Structures are given as C-alpha cells and as structure tokens.
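Note that subunit A is present in both complexes that follow, paired respectively with subunit B and with subunit C.
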Partner chain A sequence: MAAIYSLYIINKSGGLIFYKDYGSAGRMDTNDSLRLASLWHSMHAISQQLSPVNGCAGIELLQADNFDLHCFQSLTGTKFFVVCEPGSPHMESLLKYIYELYTDYVLKNPFYEMEMPIRCELFDINLSQAVQKDRVALLGR
Partner chain B sequence: MQFFGGSEISPSPPPPTVSGNNAHMLYVFNRNGVCLLYREWNRPLKTLNPQQDHKLMFGLLFSLKSLTAKMDPTSAEKGNLGVPQLPGQGCSFHSFRTNTYKLSFMESPSGIKIILVTHPRTGDLRESLKYIYNLYVEYVVKNPLYSPGAPIKCELFNSTLDQYVRGLG
Partner chain C sequence: MIGVGKMKQYTNVLERPLSKGKQEVSLSGFAFLFSELVQYNQTQVDNITELERRLEDAGYAVGARILELLCHREKGNRRETRLLGILSFVHSTVWKVLFGKVADSLEKGTEHEDEYMISEKELLVNRFISIPKDMGAFNCGAFVAGIVRGVLENAGFPAVVTAHFVPVEGQQRPRTTILIKFAEEVLRREARLG
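And now, the complex of A and B:
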C-alpha cells in the first residue's frame, strides 16, 4: 500500500507543470489533472480571502475522508502538493525536499523554460528515489 | 450515527481539545446555500461585506467538495469534476488548515452544512460539530415557530451555542 498517491506541481498562474501518480485507484486523464490543479490554485487563493486574521498564506493541509492533501507554496508562487493516506507523517519535510530537488534539477537546468511543464530526467530520477526513501522510512517504523 | 436518530442531545458534550477561547466564527448553511446562521467571536480582518463573505464561503466548500470527490485516490469510479453531489455521496472532507486558521466542516444527510473556524492548532472537531448539529436539531428544528430555510433567530440556540463554543477552546 503506497503512502503517497500522487504529486502535483503548479506554477504561479495555476497551470499544472508536473503530475505524477504513485498508484491511485482509477486513472485520471490529463484534462482532469489539469482542471484539478487549477481548481486547487483558486481554492488556495479563496482560502486566503476568508481568513479571520491577517497574513494568511493559503491551505497547508486538507483532510478529506479518504486522503490528506499537503500543500507547500514557494516564495515565487509555485505550489507543490502531495495526496497521501490520512495521517501520513513527514509530508512537510518531503515537500520541502521536493522543492529542493526542483531548484537543483529543474531551475538550474539551462534548457528549462520557466512556468513550462517539467521534463527533466534527473528530476524524475531523484524524485522517485525521494518518494521511495520516504516509503521505506514509513515501512520501517 | 448518533446525530440523526437521537431524540435528545448526546448525554455529554465531547471534551474540549485545547483550553482558551480560540473560535473565530461559525456558519450554518442549508442545502440551497442560504446562510442560516453566522456567528463571529473574534474576527479582526474583514475583507468583504457579509453577504459576499457567505457566498464565497459556500462556493469554497462546494468546490472543495467536488475537488475531493474527484481526487479520491481510493475509488475508481469518480464521475466528472464539478457534477453536483448529494450529501454523503463521494469523498468529502472534514477540515483544512492554513497558517492562520483551521476550518472544520460537517454536512448532515439533509444538506445542512456546519462550518467552524478556529485557531490553526485546534485538534479534531468532528465530534464537536456533531454536537452543534444536535443543538441545532433540539433548539431550531424542534422550535414550532421556526420555518425551515429561514435564518435562525432562536435565542436559546444562540446562547447555548455561544456557551458551548466558548468552552470549546
């Protein structure tokens, strides 16, 4: 049983630039993942508007009946979010680590165009290792 | 499921999760999106007028529900994104957290939505929301002067609610 179901990265205007599925039931087609990503982008923005106090930076954790969604927003507005089993620990640190991988292998790639879909082999390799490692850490407990 | 059969309020309210008063506001919507009740205890920031605020809140819940129903990784048959769903149908959500607040959400089988906004470090409030729903059934639905779908103006309900939420922490 996978702890992590899927990972999304969206750019600052809500466009999906990276999506990876790690074993959800039922295939999600490309259109659906794009629409979910932009829907999340707007929900994130609305949640800031509804804050009762100043300084709200949007949803960090959404707890649904069958999954948890952890979201991390970088200073430049790129959002990383991971869909995982309810109550999975260490997701914030995993997201921060994925952000590190993104800065190292995507942003420093001279062929990568900003805000465009991510197609970097090194990023894919390191990402799958990170997710595996996290899975191992979870199984080892 | 205690909250729809019981003829009396559950014997004892669930214990408070954190001490201190940290509830910001509470909304009750019916299934048509009419805001039946809005209470606020601590809300320094108001960006919109009340009507717009209620609409935005209902819209956020509606869209988040369709998002979670579509995203649900455990079911293969999910239907299309954005198709309205009956209460209890599809994967819903019970709370979300930002750095400044936590929103807990409950929907009854009849489509009554109860939303409680609290401090971000509040624990699980699902039982508390069920208790608030019980209060609603006891003091509002059973009030002979209350007509369904109208804004709630029951003094007894408001005072009991205030008391409970203040004790909630």
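And now, the complex of A and C:
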C-alpha cells in the first residue's frame, strides 16, 4: 500500500525545486510536475485573496475523489506539499518533519544555492527514511 | 541582584582559576557559521585543492590555540612529548572538547611506519553537508585535518594531515578518516628516545 503518491517542494517564486514520486499511482513526467507546481503556487496565492475570513494563509488541504493534497507553507514562502491517498492521517506532521529535514540538510549545506533545485544526498537519504517510517506506522494500525 | 551576596575578591586576574568555559554551543549556530566559512572560501578560489588548503589553514589556527588552552587547563601546563602521547591527546582530549566525544578510532597505518589514522563515522562538521558529485573527493573535514595539524605542529610534531572519505561496507555513508603522516625528524627523534 502506498499512502503517499508524490512530494513537491516549491520555492517562493513558484519554481519546483524538489519532486519525488512514490509508487506507481499518479506518476507524472517532468513537464507535468513543473506545471502542477506553478499552478499550485498561483492557486495558493489566489485562495488567500478570495478567502472570506481575514488572515487566511492559503489552502492547506485539497480533497478530491481519489487523492488528498496536503500543503505546508514555511514562513519564508517555501511550500511543501504531498499528494496522497484520500484520508491518509498524519500528513501535517510529516510535512513539518520534511521541513525540518530541509532546514537541516539543505539550508546548512554550503554547496546549496538558495531557490535552486535541491540535490543533496543527505536530504534524500533522510527523506526516504522518514517516508519509510511513516509507511510502517501506517501499516501497523 | 548582581553583585550582591558573597563575593570573592581577586586582586589579580591571573590568580583566578581558568574557568572551564561553556561546554556546549548550538549545533545549528555552528553549522551555519561553518557553512558560511566554506561558501566564503569558495568565492576566493578557483580549484578544489586550493579550497581544501584554505579550510585547512583556518583549522590550523584553531589547533594552535586549542593546544595552548588544553595544555594549560587539562594538563597543568605540560604537554605531551612522545608520539603516542600526543596522538591519544588529540584523539581523546582535543576531540572531547571540540566535538563532545572521543574519536571513533585511532589506528596505525599498515603500509607505512609514519602514518596514523583517526577515523570518525560521522564528523561533526560534515553532519549536514552533502558534497556535490562534480567536486569529487573533496571533504570539508579538511578543516578538522587543519586543527589536528595545528595541534601537532605546535607541539613539535610536524606532520602532513589530510581528510578522506572511506566507504564502509553495508553503510550508505562513507566515514571520514584523518590521515596523519609525520615528518622524518619526528620518527628519528622517537627512535632515539626509545
């Protein structure tokens, strides 16, 4: 069972800086993933404007018939979002954890250039461990 | 209130015991500072060997100071004069003060008499650093190698110290080995001392 279909990280101007898909469902080619990233960036911004209540920070969860999209935006405007099976639990905490990994293994890496695509070995290793762990937790229930 | 209560009066700053200092600093704080150090030096050089050398020089200054401080604080103003003594001083005392733990291992090189290796599964300075593929065998541990060289050279043991990644079987990440190659005079002196 694959709870998570894919993970995206987009920078503050809407460019896709990290994309990874898990399992076979919902796989996308590079162009589609870039398109989805910038589309989501704009939708997120528009939702803030359209919101009837004050202080809206943008869409956090989008629910569709066959997937859920959870989004987390950091204070600097970097957005993390996962596409997963409908009703997958603990996605907020997973996103927060991925943000933690990003601050550790990407931002503290002297060879990473801000706002550029993420190519850090340690980030990949720790990320796959985190996702694996999450799957185990999901299987255990 | 500050200054109220029992106060010890010291006539002279030199008579005060040397304080142990704060034992810990923030790892994030250090990681960002070190990252900036690497990034700054990267703008100043045009090849990797040069970058390695600059990091080593930065570490050398730390090593020279740490030797001075630790000889005074831990050793009662004495320093090691024998090869194995100074190596275990680096491996345990220096490592403990700098990284909060003893180094994982200290070994003698199998091929050469004058080579020693300090290995660390995960060097503190490399904790958050991923080396890009195009930089080849570059290792930010060069900074630590510089520290070791600083300690050894100022204690009278001139040596060439380098940092290398060594792959470990069954492990995703390679470990870092600090290779110490002593100068000829050091070994001659050791032989004479018996």
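Some observations on this one:
Just so we're on the same page, the second predicted complex is superposed on the first by the 138 of 141 C-alpha atoms of A that agree within 3 Å, B and C clash if a C-alpha of one lies under 4 Å from a C-alpha of the other, contacts with A are read in each partner's own complex, and residues count from 1 in each chain.
Just so we're on the same page, a residue touches a chain if its C-beta (ideal position, glycine included) is under 8 Å from a C-beta of that chain, and two chains touch if they have at least 3 such contacts.
Note that the structure is predicted; figures quoted are calculated from it, not measured.
After superposition onto subunit A, the partners subunit B and subunit C occupy separate space and fit alongside each other.
Remark: in the superposition on chain A the angle formed at subunit A by the CA centres of subunit B and subunit C amounts to 160 degrees, rounded in steps of 10. When subunit A is checked against subunit B and against subunit C, the one touching more of its residues turns out to be B.
In the superposed pair of complexes, A:Met43 makes contact with subunit B only, with no contact to subunit C. In the overlay built on the shared chain, the residue A:Ile125 is in contact with subunit C alone; subunit B does not reach it. Looking at the shared chain after the overlay, A:Glu115 reaches neither subunit B nor subunit C.
Using the contact criterion defined above for the overlaid structures, shared-chain residue A:Glu100 touches neither subunit B nor subunit C, since it reaches no partner.
For the overlaid pair of complexes, the smallest distance between C-alpha atoms of subunit B and those of subunit C rounds to 30 Å. The touching residues of subunit B, when paired with subunit A in their complex, are 24-25, 40, 42-45, 47-48, 53, 56-57, 59-60, 63-64, 66-68, 70-78, 81, 91-101, 103, 117.
Considering their complex, residues 28, 31-32, 34-39, 42, 128-132, 135, 140, 172-173 of subunit C touch subunit A. Partner subunit B is touched in their complex by these residues of subunit A: 5-6, 23-26, 32, 35-36, 39-40, 42-43, 46-67, 69, 83. Those residues of subunit A whose C-beta lies close enough to touch subunit C in the complex are 104-105, 108-111, 119-123, 125.
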